[in-house]
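Multiple structures follow.
In what comes next, chain A is part of two complexes: it sits with chain B in the first one and with chain C in the second one.
This part shows the complex of A and B:
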């Protein structure tokens, strides 16, 4: 109908024009770059990209490589533990801080300091702290507990947990601050009502407050998850992937093959796998989150 | 300063010498209050006078700094809110947003480990009383303000308690809904016959709902009496000024013998029922706009000039000047007065209130 409503495309025209540069960037850099990467993952590119297609050969090789399998396993362990623990630690700290304790500002700043450090610094700090000759083990041995042994970075079975400690130390402060903001947003009358109802505090948190904080939890989860997938610099600074290949992660695999192993095809195949994994997680979630609402 | 009248029945809630401090700030100062079994008591006062604080102390949501609280004869000063036998309704409703209406009403009971059929029975009964049966499966976000407040009342109702505490439950609602729910609350009280303590700063709510009203100011109760008593015989200048809209006309002057005299206006108060002698000859003369007689009545009368006329439909407010002060009259809505008109008014002595000029209490 020509006489009816204005055409939808022209509504909010100025803001749409303002968004064009961003849209172009997204299209060319993100989508274009991704498409390019995926395409060249099917070639036998070595130092330079070339269009000699070899089908799924790069992927077959990838999944036969011990180092890739270790990387995936490490990422899963690190990801799961870091997700659960940093939410848990962050929330508990925030709940404690929310009890209107004194020195709240001081404590909050202390908890946030690690977040201001780069992963490289964090990694180095914890490399020292976990070093059996200088760090925690040495101190506790010095206190008389000579049989105490805590040496994760040199034990390939538990090295990833050593990395996890550093990661949690760095990330929990941010989670805590986000959770605290969420807790502060809760109407105090809710707490009063639950006290009059005789509901114990832990139950109030579990069944009333946490469900109310759903948006905060989603934001936090996205932040933590993106940190997990990108896990790279912490490893480089703390273990360099060692001992052996015991603490390798996918992002490091990609980087090493693309820029050091001079095997672009293999690097592209690995990064395509990472993209696939992220999509497998995101698509069902987005469907639940946004698709479900229209029906309900 | 506290004047207590009409003591019937057993005390249900007793507050003894209650003191509450927030750091340096003393909000409640040795406050005493008796609420009788089945009584509807309204705490009325301006913002920040400590009404909510008092209610929260009775509920056990604040730790008192001194004094004691008894509910049904038990000392509950240090008891948990859930053990005091109270139910509470908040201004912001404070419903649990992720639970259905039914969940909201039953969550506390489930936590008490009551048998399932008992819970179902209590919830069903409350839902019936409040007429919210069709809403039971909805979440609070899908309810209107009035419906939410009904659910909040329902959540207090299922607790099967003796004392209900309301903290400005209607003030987030629009005027029409507020009037409707007010009537329903009154019916609810008549039906349940529980003790109710109700905080508000709305005079109309207080006058219509209360068996007794406690007027608070700065953490003290200024007067605790029936609405009629508060309206007709305010205990002090603050109460006289606070109640009524427009409030009581108050003129400061001198009392010599039976004659009140202020700035060119003298009136005889012969026949006034003095409860005590004034501490000096300085007194306040007060009369409500609606008690001023029009025309030459039996008593003394005066000539005044209408300065401002405010037609309200049901009645008309007229501002005049008497004894140098603004003096309001309430007239019939149909009367045709325009500013500049001369009016003759009478001041019947039985409707007059006199207050001491020093301590501002009623004479």
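This part shows the complex of A and C:
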């Protein structure tokens, strides 16, 4: 052994030792906590966890509950719109900033500023802005357009779009900065080459630059998606789930049933469904993204 | 942080030389104007009558926000000295888990069994023959608050019952006044519905449905009428864009809304605003239909701390809360009724006197919190907050969902 090859296990020993705390955290906190939650979602735990198993009863009740169905629908609308629009807005802003304009730093700071605010502050600010008695509607009415009506937060049908506006205002700045970083990473020679060939700028963006920015897009997508799934504080601050239950989201259902309703089993069942939904999206994507590379 | 805090407290106490005095942190959710004034009375009485110090731990946002905070502190091993709950089934599991202190010795020393009236209040604190909480007041939900000025302006007599109120609603709407105020928080919607149920269908029916889980009755003819009344109410509350209950009460106080169904704690708000019962506003117990009040209320619970100093302070607080002077000064500010019949409430206003009369006549019913678990209440909240905000749900659909909640309840 003294002269032989080093044992595989001991290769990079110091970095392996350094990783032990993280591995333990992942195993016990993340994996362990998840397993515990899933297990207790099959019990009738109320305020305190109890091992009285009731099979799928909690899940049956969950899927019969109107509020859960409304929550899922809201999350889909919010998720889809926020994913597409924040990428679109973020990329357009970044492309505009990338035109070697003056005061780029100032514009960048202004656009990124909302991201420095928490969702609670964002929610409250937009609650006031969208309030018909103080906000945008009042100002425009005051200018003489008395028939103008813009009152999304008190209309069950469109309240989720009122939340979406606030979410986009807060999140687009970050997307813009990430996109800008991506654009700056593109070699200037590519631009020169496309100009020599007489390709219009929009075509260069669409067919050359965006495909080259794939890693940036993936990072951004993961960031946006994780923000969507855990959407909670914006709703609490802006609408409180109202009017009625029209702007409820799954994370709020979990919290309300676990703590306010003193029904842990029901809250666990809902959070397990959220985990399942995330896995359904992530596993095929991870397979394509990482599994594909190995083969190729 | 906590160790540092207790160390500092300990040093401060030693320095002061008062060995037995302790700081007692008391958490509650009394933050509206009238409520805050009432809880200040508790703090004052506690510090005057004993040598301990009241550390106020108010949590804003109502019971729905405050209860999870309190529960997680107790479960997480950082209990406060005492906390307020609505007594009933909210603390059931905490008691079963042995996290709350048995206060029977204080109850016996102070003779609570003989003084607490009605006795059901103490029963709600009792589990397996042991008393775990100190009831401090009687709150009833079954009140309709009306603004006299709104009806005068409309040229109408102030309604004396629910039907007259419903009949007056279109006229108020015409005048541009909101007929009825309802806050957007879900507990207010289900609370108002329970009031309609207790008064229009009667307390026996409420007792059977929530107490015994009678699903046939929940789907029956009497309840269909209650749901019809709830539909009327839904038309009357359309357009009241407020969230908190006291903001809704404020609409009535400022004569922007005709009336509100809210518990007697609303009276504290009228008092703070300087309104006089009978002149500026009218209160109709039992909606003027069926004069009954529920005897729910607030109670203080005391977590296990294993600290003899804190325990002494807890005992002292529990005894103070039910003393006659404390009961009078607190309840006058809070607008609630005292838990003992032997105190003199000469200073009580018209509405409180009506409540006291009904209480003395024995027209009482248990509070919904004593019959339902928080889980069931939460389901009812979800149903009724949706029903009152969304006009597309028919009364029959809502009743069908109500029946399935009653079937599942435990």
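Side notes on the structure shown:
The rule we apply is simple: the second predicted complex is superposed on the first by the 291 of 296 C-alpha atoms of A that agree within 3 Å, B and C clash if a C-alpha of one lies under 4 Å from a C-alpha of the other, contacts with A are read in each partner's own complex, and residues count from 1 in each chain.
Note that contacts are C-beta pairs under 8 Å (C-beta built on N, C-alpha and C of every residue); 3 or more make two chains touch, one makes a residue touch a chain.
Everything numeric here is computed off the predicted structure, so don't read it as measured data.
In this overlay on chain A, chain B fits alongside chain C without clashing. Once the two complexes are laid over each other on the shared chain, residue contacts for A:230 go to neither chain B nor chain C. Residue contacts after overlaying the shared chain place A:207 against chain B, while chain C stays out of touching range. When the two complexes are overlaid on their common chain A, residue A:132 makes contact with chain C while staying clear of chain B. In the overlay built on the shared chain, the residue A:193 is in contact with chain B alone; chain C does not reach it.
In the superposed model, A:242 lies in contact with chain C only, and not with chain B.
Applying the stated contact rule after C-alpha superposition, one finds that A:261 touches chain C and leaves chain B untouched.
In the superposed pair of complexes, A:108 makes contact with neither chain B nor chain C. After superposing the two complexes on their shared chain, the closest approach between C-alpha atoms of chain B and chain C is 52 Å.
Within chain A, not a single residue is touched by chain B in the first complex and by chain C in the second.
Contacts from chain C toward chain A in the complex involve residues 64, 67-68, 71-72, 75, 90, 92-94, 97, 184-186, 241, 243, 373-375, 377-379, 382-383, 385-390, 401, 404, 408.
Interface residues of chain B facing chain A in the complex, by the touch rule stated above, are 56, 59-61, 80-83, 86-88, 90-99, 107-108, 111-112, 155-156, 159. On the side of chain A, the complex with chain C involves touching residues 46-48, 61, 64-67, 131-133, 154, 156, 240-246, 256-257, 259-263, 266.
Interface residues of chain A facing chain B in the complex, by the touch rule stated above, are 187, 189-190, 192-200, 203, 207-208, 211-212.
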